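Take a look at the structure set out below.
Chain naming follows the written order as A, B and C, and within any one chain the residues start at number 1.
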Amino acid sequence: MPNASYEHKWGMVVDLDKCTGCQGCVIACQAENNIPINTKDYFLQRRAYEWIRIERYWEGEYPNVKARFMPVLCQHCENAPCEPVCPVYATYHNEEGLNVQVYNRCVGTRYCINNCPYQVRMFNYWHPNWPARLENQLNPDVTVRSRGITEKCTFCVQRIRRGELKVESQGGQRLNDDTIAAGNYDPACVQACPTNALMFGDLSEDRQPSPSAIKPYFDDVNAHPGHGEHDRETRGYRLLEEMNTRPSVIYLKKVDPYPLKGGH
Amino acid sequence: MQEGKVLPAAQINRDLLRSILETPQWFWPVVSLLGAIVLAAAITIGIMINTGLGITGLNYKVVWGFFITNFVFWIGISHAGVMLSAILRLAKAEWRRPATRAAEVLTIFSLMTAMIMPIIHTGRPWRILYWAFPYDFARGIWPNIRTPLVWDPSAILTYLTSSTLFVIIALVPDFAVLRDRTTGWPKLVYTLLAMGWEGNPRQWKLQIIAGVLLSALILPVFVSVHSIVSWDFGMAVAIKSWHSTVFAPYFVVGAVHSGVSAVVFAMILLRWAYGWQDYIRHEHIDALGRLLIVVATGWFYFLVMEIIFGIYGLEGDELAVRALQFLPGDYGVAYNVWMIVFVGITYFLPVILWLPKAWRRNLWIMSAACISVNVGMWLERYLLFVPGQANKQFQTFTWNDYLPQWPEALIVGATFAFVSMLMLLFSRVFPLVPLYDIKEGDILRTEIQVGRRTVPATFRED
Amino acid sequence: MASETQAHHGDQSHSEHGHFGPEMWVIPEASVLVAEVNEKQRMTPGIWRVIFIAGGVLTVLGIVGFVLKALSDGFSDHQAWGFYIAAFAFVFTLTASAPLAACAFRFTKSHWRRPLSRIAEIFSLVSLVNILLFIPALIVLPDIGVMHESGEQLVRRSIWFQELTNPSGWLMAGMIGLSLCSVAILWVAAMPDMAQSRHHVSGFRATLYGKLAGCWYGTKRQWQVQKGGLAILGALYFMMVVFVQFLIVSDFAMAMIPGWKDSILPPFYTVISFQGGLATILLVAYVMRRWGGYRELIGQAPFWAASKVLLGLTLLHTYHLFAFFITYWYGRLEVEQAILNYLMFDSYLGIFWAQLFFTFFIPFPILVSNHARREGWGAPLAAVFIIIGLMLWHIRIFAAAFAAAPAVEGGLYYLPSDAFSFPALLLPPPEATFPGIADIFMILGGVGIVMLVFRIGMMMLPPLSLWEMKEGSMYQRVDTLIRGRYLVLGKPE
């Protein structure tokens, strides 16, 4: 077990201004978390899934058009709608602010999928298969999920645990932005993002001496909840704020120096 | 004038027990056919459990499809039993008598069928007890009572238990009749089931008190079952069109609508199959038809409320779902056409067919109307559940539609065969029209002379 | 087979009609009925004078309250008029569905309804008052669309959607149509009685009855038309009343709280209205029976039977309330939490619990008790609590809704382009408003005017439905079955 004396509350910031839609995070996640390969069949069945997906929207009308990208992953809501509806406690909130999924408990009622406003919970319709030559690349730290269960982004809890073990339990130091980055303890998508659009950190209140770099965004958004959106000093906002889910992921608005002419 | 004649008790016994004491020629072929369909579905379920839900049409966006629709449909059918037995018994409606048993038995069988649906729909059905059984099973975790999915089994199992008790209590006097008319091992079984019934006043008193008490106690269960089923959807905040406060009464009334229609159709079938013209008479069908007009109109009102207040908020995410439901779509499936069909065959067509008295007394027209209601109510659930999931929330990137596959269609179709088969098998061993209830009605039946007119009348028991 | 239980009943409760229980009530002989009712109508026991005077005084108070309010606040600010709307809606709720009770139980051919029918139908006269009361309500109702200073068209959320015209005309048309329909029911239902009574009465009644029922001779054809007409009018009235209730509760309650989107509210309001209507009828019937001299004519059976219906409606009320609550509470959506806090758990907490006690926790045990229901006092006692509870309900819903949001500047009107957002208005919820002296006067006036109009109606028309009671006495007979004597009831097709 990690050292219980250190409190954590993990969070992420997604800077849409930096996101180029390169799908690097998607691939990193796929590799890190043993996600089955999305074959053509899976796509045609509309069952291809990613724990983090890049949503692509078009702004404007052709030819005057811009592509917009938005990475969406599990928001690890503090007030998660998926949690109370699970009959077997397969999903619950842990003390580190993570919305965790216990694969062994899941019976696959899929209510959590329906009650997730972000559509980040995924159901395993088939038993996962890899080509024989890829079987050795599976991450030993991550369960290979069987069919019939729901799964979703974990904030790469295996890396966090490794960090807690290495740095906190063995090293006696508290994890911070620097030690997380140095040891590659941040989620695979964050590590892989070439533009640093994704930032990961610890938001817990009693963090000393150096607070995480992403903390100010959360402080700002929390200080102006809901309707105070226009008073915020940063570009931060949460997805579907009116759902009152209080996600642990904050998005930073895109800065658009050249807005579309005639667009809305 | 009184419709139908008062028959001697011996003839009532003979007529109503004919289905048990003799086997009609068509019986085994029909049961075998139904059994074959059920077997095919059972094999499909086996394949599905073995290879996974991948063989269905469900996808990453629409995760509740045909099975859940069918689950709600059968739960709905199960509401006929209490509606006809308990409510009409408390309201002292005389015309309920021939319909009660069939309705109650249909309740039990449709509940059992309904319960299969969510079980096979889960990803890992073999672990279902962790969900449905209120015990911690050495895992140290009890089921999560906050979820409607745990309210569900509690309500449904309570309903199943109380309905079964209700049927058994009403069956005891009839078991005794059967005990006295059979030989061999059937007699032994009926003797056990009759529990020493000899029809003395004390036994009758207890039987009546038990019946009335259960009628009153079962009513809250009746309302709660479909309310809770509706809250499976109503509690899901993420799906805007489901999160509607009217769902509970809307579902309950809809359930009664489809359930009573199903009972009417079942009664017409039984009348035809077993020649029970003297017992299931036109007046009964007529009265049920009038009841159905009221229920259907109540249901339609709730439907309109649901739709109006769905649009009322003018919230984009909900409007997207409503657009999918009501406007010609970009997708292959045009939900708006189905929507028109559904409202037409669930409300307008049957109510028009029920309005003229002559049509209510025409069994062909009544059958058509009742089938139409049930097809419509099935569609209703589908059109309520699927578009909500397909166009969930603002992230249009994830919007997706659903196309059911053959295993789902086969299993859904087989549930109808399953319930029919169970009803037929039941009618072979237990009387589907309550003997004592009919006799009681005949005893209480009398006439009153008003001037030159003779008016049917009844003795009031209390 | 039922003989044992029956004999038991018969021994146990000696009602005024011999050895039958209250549920086995026998309607008095038809031949004396008309004369007796006309005789009783002429008598004025003290209770009627008290009701007349009290009703009159309260009505005057109500008018005073209205004038005070109009002078102090004017009609431009809808927020000041919450209690007036509550008073109006209270009167409307209780009286509009009352005539329906007569139609509904006539439709189900309930024997026990017969003495209650006319009481229910006389409430149709109150609907004429409802039209008057509705006019100020329409005046204070904020417009659907207004022009903002910036030149932007602001529209508030309502069931009229983007329709910018003021819905007053439609609302008024609904109200008048409803009123006409209910008065028509009263007229058609009372016609045989008036025709028969005009030979027994003198003075203005004779003239009135002659005018209103001069064409009635009681031919077979006339009876057929009358009964068919009542059935059709009843069905029409049922649909109209549900529709007008939908309009009123959505326009005057739901649309007044920004973000309140609640599809169960109209059915909920309808259930409440049925509950209140039946409670009012039972209360009036009890007063007539206990103090008004109609003891033998009304009997205990209506209370015994109607109290079961009232119990059902009370349970339905609570069920609808719970369905609303659980859906809002479970989701934890911000706007829904705010509305729950406003209407139930914060601003109107006290009134909510008081209302719940009055509409459920107190009447439920009374209505469940067989003893209380059989003796005839259970249902009226529960009715008193229910009526008080419904008064509180109207304050909690209508007065609260009107006080919730100002009309301009971020209140009821939001920008159509901004339809996704929801107003910040209810965070934190506004304080509960308390009635001023004028508000209290107006609420009392609402109660008073119902009393007054009902008393006048009772003086004008035969207060019991004579033809239905005579019909009832013809369709009943006491007969022997096996060893016991039972009531036989005829049910014509």
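Annotations
Quick note on the criterion: a residue touches a chain if its C-beta (ideal position, glycine included) is under 8 Å from a C-beta of that chain, and two chains touch if they have at least 3 such contacts.
Nothing here was measured: the structure is a model prediction, and the numbers come from that model.
Comparing chain pairs B-C and A-C by the number of C-beta pairs in contact, the larger count belongs to B-C. The chain with its Cα centroid farthest from the Cα centroid of subunit C is A. Subunit A and subunit B have Cα centroids separated by 44 Å.
Taking each chain's centre as the average of its CA atoms, subunit B and subunit C sit 34 Å apart.
Separating the centre of subunit A from that of subunit C, both taken as means of CA atoms, is a distance of 56 Å. Multi-chain contact residues of subunit B, defined as those touching 2 or more other chains: 235, 237.
In subunit A, the residues that reach two or more other chains under the touch definition are 81, 84, 243. The set of subunit C residues touching two or more other chains comprises 330-333, 420.
Of all residues in subunit A, those touching subunit C in their complex are 79, 81, 84, 226-227, 242-244. Of all the residues in subunit A, the ones that touch subunit B in their complex are 45-49, 53, 55-57, 72, 81, 84-89, 105-111, 113-119, 122-127, 147-150, 240, 243.
The part of subunit B that touches subunit A in the complex is made up of residues 51-54, 56, 58-61, 63-64, 118, 121-125, 127-128, 130-132, 139, 141, 143-144, 146-150, 232, 235-239, 389, 392-398, 400.
Of all the residues in subunit C, the ones that touch subunit A in their complex are 330-335, 337, 420-424, 427. For subunit B in complex with subunit C, the touching residues are 90-91, 94, 201, 204-205, 208, 220, 223, 227, 231, 234-235, 237, 243-249, 283, 301-302, 305-306, 308-316, 440, 443-444, 446-448, 450, 453, 455-462.
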